[in-house]
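There are two complexes below, and they share subunit A, which is joined by subunit B in the first and by subunit C in the second.
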Partner chain A sequence: MASKITFSIGGVHPADNKIARGRAIEVLPLPKTVYVSMAQHLGAPAKPLVAAGDSVRTGQVIAEPGGFISAFVHSPVTGTVKSIAPRKDLAGNLVTHIEIAVADEEVWAEGIDLTPGLVTELPSDVPAMLERIKANGVVGLGGATFPTHVKLNPGPNAHPECLILNGAECEPFLTSDFRIMVERPKEIVVGAAIMQKILGGCKCVIGIEENKPEAIEAMGKAVAELGYQGISVQPLKKRYPQGGEKQLIDAVMHRQVKSGALPISVGAVVQNVATSLAVYEAVQKNRPLITNTLTVTGDCLPVEKQHNYLFRIGVPLSFIAEYAGGIPEGAAKLVSGGPMMGRAIANIDACTVKGSSSILYLSEALTKRKPESNCIRCGKCADACPMGLEPFLLNRLYKAGDLGQLEDNAAQDCIECGCCLYSCPANIPLLDNIRQAKGQVMGVIRARAAAAKAAAEAAKNQ
Partner chain B sequence: MSLMRDVVIALMPAVIVSVLFYGWSELLILAVSVASCVLLEWAITKWLLKKPCTVGDLSAVVTGLLLAMNLPSTTPWWVVVIGAVMAIGVAKMTFGGLGQNIFNPAITARVFLLISFPAIMTDWTVPQGFIQNVDAVSGATLLGIAGEKGALAVADVDMLNTFLLNIGGSAGEISALALLAGWVYLLVRKVIKPWITLSIFGTVAVIAAIFHLCNPEMFTGPVFNLLTGGIILGACFMATDYVTSPMSNWGGVVYGVGIGIVVMMIRYFGSYPEGMSFAILIMNCVVPLLNRWFHQRKYGRA
Partner chain C sequence: MTSTVIWTIVILTVLGLLLALILFWVARKFKVEEDPRIDEVEKVMPGANCGGCGFAGCRAFADAAVKAPNLDAQYCPVGGNDVMKKVAAILGLEVKEKAPQVAVVRCNGSCENRPRTNVYDGVASCRVKAALYSGDTGCAFGCLGCGDCVSACQFGAISMDPATGLPVVDEEKCTACGACAKACPKHIIELRNKGPRGMRVYVSCVNKDKGPAARKACAAACIGCGICVKTCTHDAIVLEDNVAYIDYGKCRLCRECEAMCPTGAIHGVNFPKELDKDAVKARIAERQKKAREAAAAAEPVAVKPAAEPLKKEENNG
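After this line comes the complex of A and B, so read on.
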């Protein structure tokens, strides 16, 4: 086994709490009604192509991309469209959802290969592969839900050198990536080979943290048996936020992406292992992205009540919670995603989207904010920051409202990983404040870019 | 809170050794110093600032211990109280309390007392300890002798003895070994980083080596300078104070080099035999500037 590596700046070591790691993936049943969000990817929301009263089949396109950075959305069920209306998402914001009443019998749309066999032979036509990824609505499943066909098509001037498959899963509690790597390693590796081919045959490194030895073994075996050229498994030291795109590039390639630049500028393309599985299904089976894996977990949930579910998009979280045995008594906070970067579930009636990864029940002990005290300038936050920022300084500048200094001190580079908050002995809400500061600085940067563009165009027109 | 508790634990070896050798007198100073620092902070937060009480964070206990360690073991109790008023009342709370002060409170108090009560602050009579040590009832410190009579007067001092036990001088300077044990504890617990301390040691050693080689009769050597006076106490526990030292590693190195230069200049050319307190206080002034100049290494902005 190759020696373990990790990223070079900052990071913390929270207890990994992978309690649900031993729970095999189960298929979640369907509710009576699903609500499919039109904003389940980064970029412009999708535009509905169906109307109330239409009957839809499973896997049929129900919405088209609303812009260049956007994605197709497919029906996760067979049934009848009841309405197309605004509905509250996870955070309580109104988003257009397509409501579909689920029929008793499931009929899949035509052209979808539902046979279980593994297809290892890669198609030769690269544009056709990209088209299938786009047509099947594949987006990045590592958190950002960036449309995959856009990321895999970096343009003629780009030089992809390394496809990094992200199997770090450094967030505590989450085990969905771990389970798919253990249960479906070959499909993931074929997906990686497809992306490798699309990117022009660059090498591919699959990064997995050392606390998942079963995944390292299963993926290693799959790579060896399938025999594609230039794919290797790279064990990583356990360290949060290893799965951050910039951190993983630093760990695997020893290169750092410049502030404001894309990973492709250093020859890197990072894709999550779950995305690779979706790519496999899209290209080899023509199956649209309507399922993903999600972990029901938490510190106040006994292991036998924890689950990894294969869910369809559009299922209300409340349905999943109920099916899994109800919200546990000790739960003080419900989170979608991991405890470090996940988002609080403000609305349990919100529905699963392509990028859903967990329902996390956290006890009061893990979530309650302790009283804030004075900063003693110990510098623990600066040591922990994986971007090499100085959170204590950004916090002070934010309070002073000094946007110029905030930009000079790279507030806009913050990846919102929460290491500063985690390491602060004075319990100062560093991330909360820096996130605000980052938003303001990004606003300034965007306004400046827009003004410069307008001025350039005005000069051209004269 | 746990950080401050670690500092208290790290100071314990030196505190215990000083109590063993300086007896009841030292115990009284420690008690008065810690009690008055804690009481003052409590009183100031309650009656003057009308804010929540902050003594629970243990920082006043640390200041009290450090102040006691920086005084001769014969200091009268009322001088200790004045020192506590200076440390907590003036150097710490007037700036806004924990984390806001520019100058290290214990050092500020020591310098204030040294200038105000020079006789008391340089009275190195050794009181009766719990462990008898008749030989040691000498009085003058090695640095004092060297400052007065030149380097030759201390040329045959056994340095190993000085490392283990150095009777005479401020209470905390009694054992380099005990101080370094506490420093290593702080490093292991990741409370502090080694750079400030090491750069002070390195600078003192280099400067002393150069001067000693040029004129061994006039200038004391590197080992002597490292092991006598407040260099180790200052470098391990005072200069590494979070609040009054730079945030970045390189800032810390520059700060440490500055302290090393100032202390050696005072020792060789100043009118005081010892200059660690002044050196730290002077470099405290530079810290905001160092924080502006030196930053962490940022990702993707090399």
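After this line comes the complex of A and C, so read on.
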């Protein structure tokens, strides 16, 4: 086994709590109604292509991209469209959803390969592969849900040197990526080979944290068996946020991405292992992204009640919670995503989206905020920040409202990982304030860029 | 000894004169001409530097006012018409009187009306809360209750009412600078004309949900039923995105809408008498009956052209 590597600065070591790691992926049954969100990817919301009363098949396109950075959305079930209306998402905000009543019998749309066999032979036509990834609505499943076809097509001036497959899964509790790496390693490796080919044959490193030895072994075996060129498995040290895009690039390539630049500027493309699986299914099987894996876990849930589910997109979280045995007693907070970066579930009737990765039941002991006290200048937050920022300073600048100084001190580079908040002995809500500051600074930067663009155009027209 | 003293005095005197000459030359060469009226205008300003006028502070306002050809774009909400008259007198310009305004909180979501659906224990800031989620009630539009408006107010005019969990504006202290309206991430605070003797009628809700959803989230929400629009004889109410809005420029304070509102989302404040809803409703019913009879008597076609010009007016306004 290759030696373990990690990123160079900051990071914290929360208990990994991967309680559901031994639970094999089960297929979640379908509810009577699903609600498919039109905003389940980064960028512009998708535009519905169906109307109320239409009957749809599983895998049929029901919405088209609403812009360059956007994605197709497919029907996760066979049934009848009942309505297209705003509905509350996880955070309680209104988002357009397509409501589909599920029919008894499932009929898949035409052209989708449903045979179980592994297809290892790669197609030769790169644009056709990209087109399939786009047409099947594949987005990054590591959390940001950035449309994959955009990321895999960095333009003629870019020189991708390394495709990094992110199997770090550094968030505590989550085990969905671990399960797919153990159960479907070959598909993931074929997906990686496809992306490698699209990027022009660069090398590919699959990074997996050391607390998942079964995954490292399974992936290593799959790589050796399939024999694609230039793919290797790299064990990583257990350290949060190992799975952060910039941290992973630092660990694997020893390169730092400049402030405001994209990973491709240092020759890196980072994709999650779940995305790789989706790419495999899209390209080799022509299957749209309508399923994903989700962990039902938490510290107040006995292990026999924890599950990893293969769910269809659009299934209400309340249905999953009920199917898994109801909300346990002692659950003080429900979280979707990991405990470090996930969002609290304000509305349990919200529906799963492409990027849903978990339902966490956390006890009060883990989630209750402790009273804030004064900063004692210990500097733990600055030590913990993996981006090399000074959270205590940014917090003070935010309170003073000094946007210029915030920008000079790179508030916009915050990756919102929460290491500062996690390490603060005074329980100062550093992350909450810095996130606000980041939003305001980004607003200023965008306004400046827009003004510069307008000025350039005006000069051109004269 | 004496020669040292003399030399010192001579050198320092010469040096002093030399530097004075340089300063004199610099002062003449780089003199910035500044209109003396800027200082005069600044003196009559309230000096709160609140930014309610849209300028960086009172001096920036004075500077802009002196340079401007007229005072149409300048208005000091804190000083009001009195200060603006003084400014106009200094500058020899005319100023139009503006109706005094006041900040109005458009949310009815007290603890009673709007049951809490979850508990928020994050940072006590509306801005942070709004960035995280829609709020701890079923209503995604209403007051978040963390008091960003209270901390934004420089005049101590807003306080949180612990009983309702909503901000309350002290009309005596409010200067309508608009800082609270800017601080509110949900945009529920609006500057409205104070009205004669403080009397005004407004829709105290901004919920854009459809009727049943709005009602479920809050007992006193505007459900967008449009009864107020139909009732209003002054064409002052518009219904947009399932929420009614009363144009304070057109409202004649008849309070008919307030009487007819099924949820009590329309508030009338500072009226000397309490509203007798039944009497007003009877009056409206009587009037509508008469109108129906008149319409039945006249040709039905005659109704249409009367409705169309009204619509056009709305668009123009």
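Please note the rule applied: the second predicted complex is superposed on the first by the 462 of 462 C-alpha atoms of A that agree within 3 Å, B and C clash if a C-alpha of one lies under 4 Å from a C-alpha of the other, contacts with A are read in each partner's own complex, and residues count from 1 in each chain.
Everything that follows uses one rule, which is that a residue touches a chain if its C-beta (ideal position, glycine included) is under 8 Å from a C-beta of that chain, and two chains touch if they have at least 3 such contacts.
What you see is a predicted model; the values in this text were computed from it and never measured.
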Open item on the list: Both complexes share subunit A, so when I overlay them there, do subunit B and subunit C fit or clash?
Closed with: fit
Task: First, second, both or neither for A:R435, with subunit B first and subunit C second - done: second
Task: Superposed arrangement, angle subtended at the Cα centre of subunit A by subunit B and subunit C, nearest 10 degrees - done: 80
Task: Which of subunit B and subunit C A:G22 touches, first, second, both or neither - done: neither
- [ ] In the overlay, answer first, second, both or neither for which of subunit B and subunit C A:G230 touches.
- [x] neither
Open item on the list: In the superposed model, which partner reaches more residues of subunit A, subunit B or subunit C?
Closed with: B
Task: Closest approach of subunit C to subunit B (Cα atoms, Å) - done: 19
Open item on the list: Quick check on the output: what are the common subunit A residues between the subunit B footprint and the subunit C footprint?
Closed with: none
Task: Complex contacts: residues of subunit A adjacent to subunit B - done: 9, 246, 250, 256-259, 261, 373-379, 382, 385-390, 392-393, 409-410, 413, 425-426
Task: List of subunit A residues in touch with subunit C within their complex - done: 88, 90-94, 343-344, 346, 368-369, 429, 432-433, 435-436, 439
- [ ] Enumerate the contact residues on subunit C facing subunit A in the complex.
- [x] 117-118, 121-123, 125, 127-128, 131-136, 140, 209
Task: Residues of subunit B defined as touching subunit A within the complex - done: 1-3, 54, 57, 59, 96-100, 242-243, 247-248, 295-302
